[in-house]
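Some structures to go through are shown next.
After this come two complexes, each holding chain A, first together with chain B and then together with chain C.
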Partner chain A sequence: MIRFEAVEKWFGQHQVLAGVTGEVKRGEVVTLLGSSGSGKSTLIRTVTRLEGIQGGQVLFEGVDVAGRGVDINRLRQRVGFVFQAFNLFPHLSALGNITLGLERLRKMRKAAARERAMTELDRVGLADKADALPSRLSGGQRQRVAIARALAMDPDVMLFDEPTSALDPEMVNEVLRVMRTLAQNGMTMVVVTHEIGFAREVADTVWFLDKGQIVESGPPAEVLDDPRHDRLRSFLSRAR
Partner chain B sequence: MLEILEDNWLLFLIGQYPHGPVGGLAMTLFLAVAGLSLSFPVAIALALARLSPRRWLRGPATAVVYVVRGLPLIMFIFWTYFALPLLTGHAVGGVETLLFALVIYEASYLSEIIRAGIEGLPKGQAEAAKALGLGYFPTTFKVILPQVLHNMMPSLVSQFVSTIKETSLGYVISANEVTFAASQVNNQLMTQPFEVYGLLALTYFTLCFTLTSAARWLERRLAAERGGLGAQPA
Partner chain C sequence: MGYVFDPAAVLTGQYLDWFIWGLATTIALTVAAWLLGMTIGIILTLVRMLPFRSLEWLVAGYVEYHRNVPLLVQILVWYFGVPQLLPRAIRMWVNSHHSEFLLAMVALGLASAAYITEDLRSGIRSIPKTQYEAARSIGFNYLQAMSYVILPQALRIVIPPLINQTLLLFKNTSLAMAIGVGELTYRTREVDSYTFKTFEAFAVATVLYLAISFAIMALGSFADRRLKLEIR
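Presenting the complex of A and B:
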């Protein structure tokens, strides 16, 4: 579904992605591990061209996302993105955050969009908060609304960039629970996270990114319990 | 002073109306409200053009803003006063002239406030809209500008206060506003300029002070909103 082929990314003189190659298959859950600054966020942001690349290719369903004739806004509707900082629109209610895309992009009528948005809110357990502004929600609730907002567009794949890192510990689980359910229902997911427990339990594949390259990749049992690289070993011992 | 007020309060408030054109404080307020409202869409367009990656949009908009901000308002009023009749081919009244000059002038200042507001929003807002698949216009008009305008309410009130004071320049082209009314009264009485212009000062002060206080109150409320529950990590 997503293929990275020798992807290179530079910020000025600084190379952040140094030839990343890997594939995410339909229905697969990939968790992306790596120390701070290793390029995790940058990598998943290249999928919908939130970051451009300087070398290699990113393919979505076999099509180069940077190719001519790619309608990037259409592609972005098919790829849900969840940010560490939630990035809800603070002037819109939980419901409004979700209906915006439905009305503007799916051209749904108000009532239909509302109904659809309620379904999504219900799915993340927040139907009773539909009319609340983001400022009235807890961090965990905000992130769940952000997930619902992305899901409402019926994406083929969901990308998560450290979705629980900005949360107080007691709110982490309510978000992970939603993500776990999503994975069980067959959603294709790429999750950047420091939650090793989540990776172990939910992921089909774990990627370890180091210095802009995927240096280890495999099922969690292999990568997490029997790491071959020292860098991964020390990363795991710090993460526990 | 009270006597002057007793004899002339209607002139101060509404000019010669209904026996002549509306004037006085009513016209001052009309000019300020209309000037600011009409300049608003222009200001948004200027701000967006200034932030555009396209040179042919950014260049001219930047030039307009810089030129206007580098010149005193009175110059615009004179320019408009002499240029508008030439351009339109018929006589243009003082009020229309002043309004036109005000709109251009205020638009330049407002556009800078709007631009700063857009640049001051957390980057994640535009990014989240982008990630959803929203294009430039829905992102700008549904996500960015509503937040910017909300945040700039206090600045907007301050700008309104400046505009009220700036309308007094209409006097030089005989636009019928409150300063003009005061000078009419003064010309009639001839001997009491301090009282007449004291009244005028009091009028402006009361109005502007009230509005400035309102702006401060709004500012505090917004600060509380941001600092308290409203805060979202950038």
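Presenting the complex of A and C:
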């Protein structure tokens, strides 16, 4: 579904992605681990062209996302993106955050959009907060609304950029629970995270990035319990 | 012999009518120019944020002209200069349809737009870039992201400076008397020259101007309170 082929990117003189190659298959949950600055967030941002690349290719369903004739807005509707800082629209209620895309992009009627949004809010356990503005929600609730907002667009794949890193510890679990359910229902997911436990339990594949390269990849049991690289070994010992 | 202050003398008969018409014209001119200014101001703001240098310079030139040339000069240019450039048919039409009001509205509206776009731009800059990114990630294009996500937030932030611009615009409508628009100041001068009750006439005008100014301020702070509380 998503293929990275020798992807390279520089920020000025600094190379953040140094030839990343890998594939995310339909229905697969891939977790990206790595210390900060390893390029994992940048990598998933290249899928929807939030970051441009200087070398290689990013393919979504076989099509180069940077190719001519690619309608990037259409592509983005098919790829849900969840940010570390939630990025809810503060002037809209939880419901309004979700209906905006349904009404304006999917051209749904108000009532239908509302109904769909309520279904999504219910799915993340926040039906009772539909009319609350983001400022009235806790961090964990905000992130769950952000997930519902992305899911409402019926994406083929969901990308998560450190979805729990900005949360207080007691709120991490409510977000992970939603993500776990999503994975169990067969959603294709790419998750940048520091939650080793989540990776071990939910991921089909773990990629460990270091200095802009995937240095180790495989099933969590293999990568996490039997790390071959020193960098991964020290990363895991620090994370525990 | 002392001067007897007698406002009732200018608030009767045709003089009262003149004040009422003057006030109505002032309000109409303010509202029309405000709507024009807001519309052009928003368009200029969207245009200057497109990734084209030449457009950015064009808008910058527009802003500098309107901010640095006296408003009275701008009004006179519109009234005496621009109609001559128009095709005869349009000129005839304009001249027979209260051209002075129309052209004063255009001059005031365009000048306001220059200030409004500056306010809007600083408002937009204060919205975190991540909001734009989130909107684009849902699949909105540039214009949609701007109009559904960025501008609604920026507008709330710029309400106080916009109230300021509205007040300035309201007071500046008095300059339209220079091209014969029968607004409040023009009518006040008329009352004055018919009655020689100078203080009374201008006292009435002052009170009316103050009343409308306060109303604008009240309206503005109402909007500010209602909208701002909701966000952060």
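For this structure, a couple of remarks:
Here is the rule we use: the second predicted complex is superposed on the first by the 240 of 240 C-alpha atoms of A that agree within 3 Å, B and C clash if a C-alpha of one lies under 4 Å from a C-alpha of the other, contacts with A are read in each partner's own complex, and residues count from 1 in each chain.
The working rule: a contact is a pair of C-beta atoms (placed from the backbone, for glycine too) under 8 Å apart; a residue touches a chain by one contact, two chains touch by 3 or more.
Keep in mind the model is a prediction, meaning the values are calculated, not measured.
Once the two complexes are laid over each other on the shared chain, residue contacts for A:R74 go to chain B and to chain C alike. When the two complexes are overlaid on their common chain A, residue A:L105 makes contact with chain B and with chain C alike.
Looking at the shared chain after the overlay, A:R114 reaches neither chain B nor chain C. Using the contact criterion defined above for the overlaid structures, shared-chain residue A:A166 touches chain B, although it does not reach chain C.
The wider contact with chain A, measured as residues touched, comes from B rather than the other of chain B and chain C. Once the two complexes are laid over each other on the shared chain, residue contacts for A:R142 go to chain B alone; chain C is not touched.
Residues 48, 50, 73-74, 76-77, 81, 83, 85, 87-91, 100-101, 104-105, 135, 149-150, 153 of chain A lie at the contact with chain B in one complex and at the contact with chain C in the other.
Remark: chain C residues 130-131, 133-141, 144, 148-149, 152-153, 156, 230-232 touch chain A in the complex. Chain A contributes residues 48, 50, 73-74, 76-77, 81, 83, 85, 87-91, 100-101, 104-105, 133, 135, 149-150, 153 to its touches with chain C in the complex. The part of chain A that touches chain B in the complex is made up of residues 48, 50, 73-77, 81, 83, 85-91, 100-101, 104-105, 134-136, 142, 146, 149-150, 153, 166.
On the side of chain B, the complex with chain A involves touching residues 122, 124-125, 127-135, 138, 142-143, 146-147, 150, 225, 229-234.
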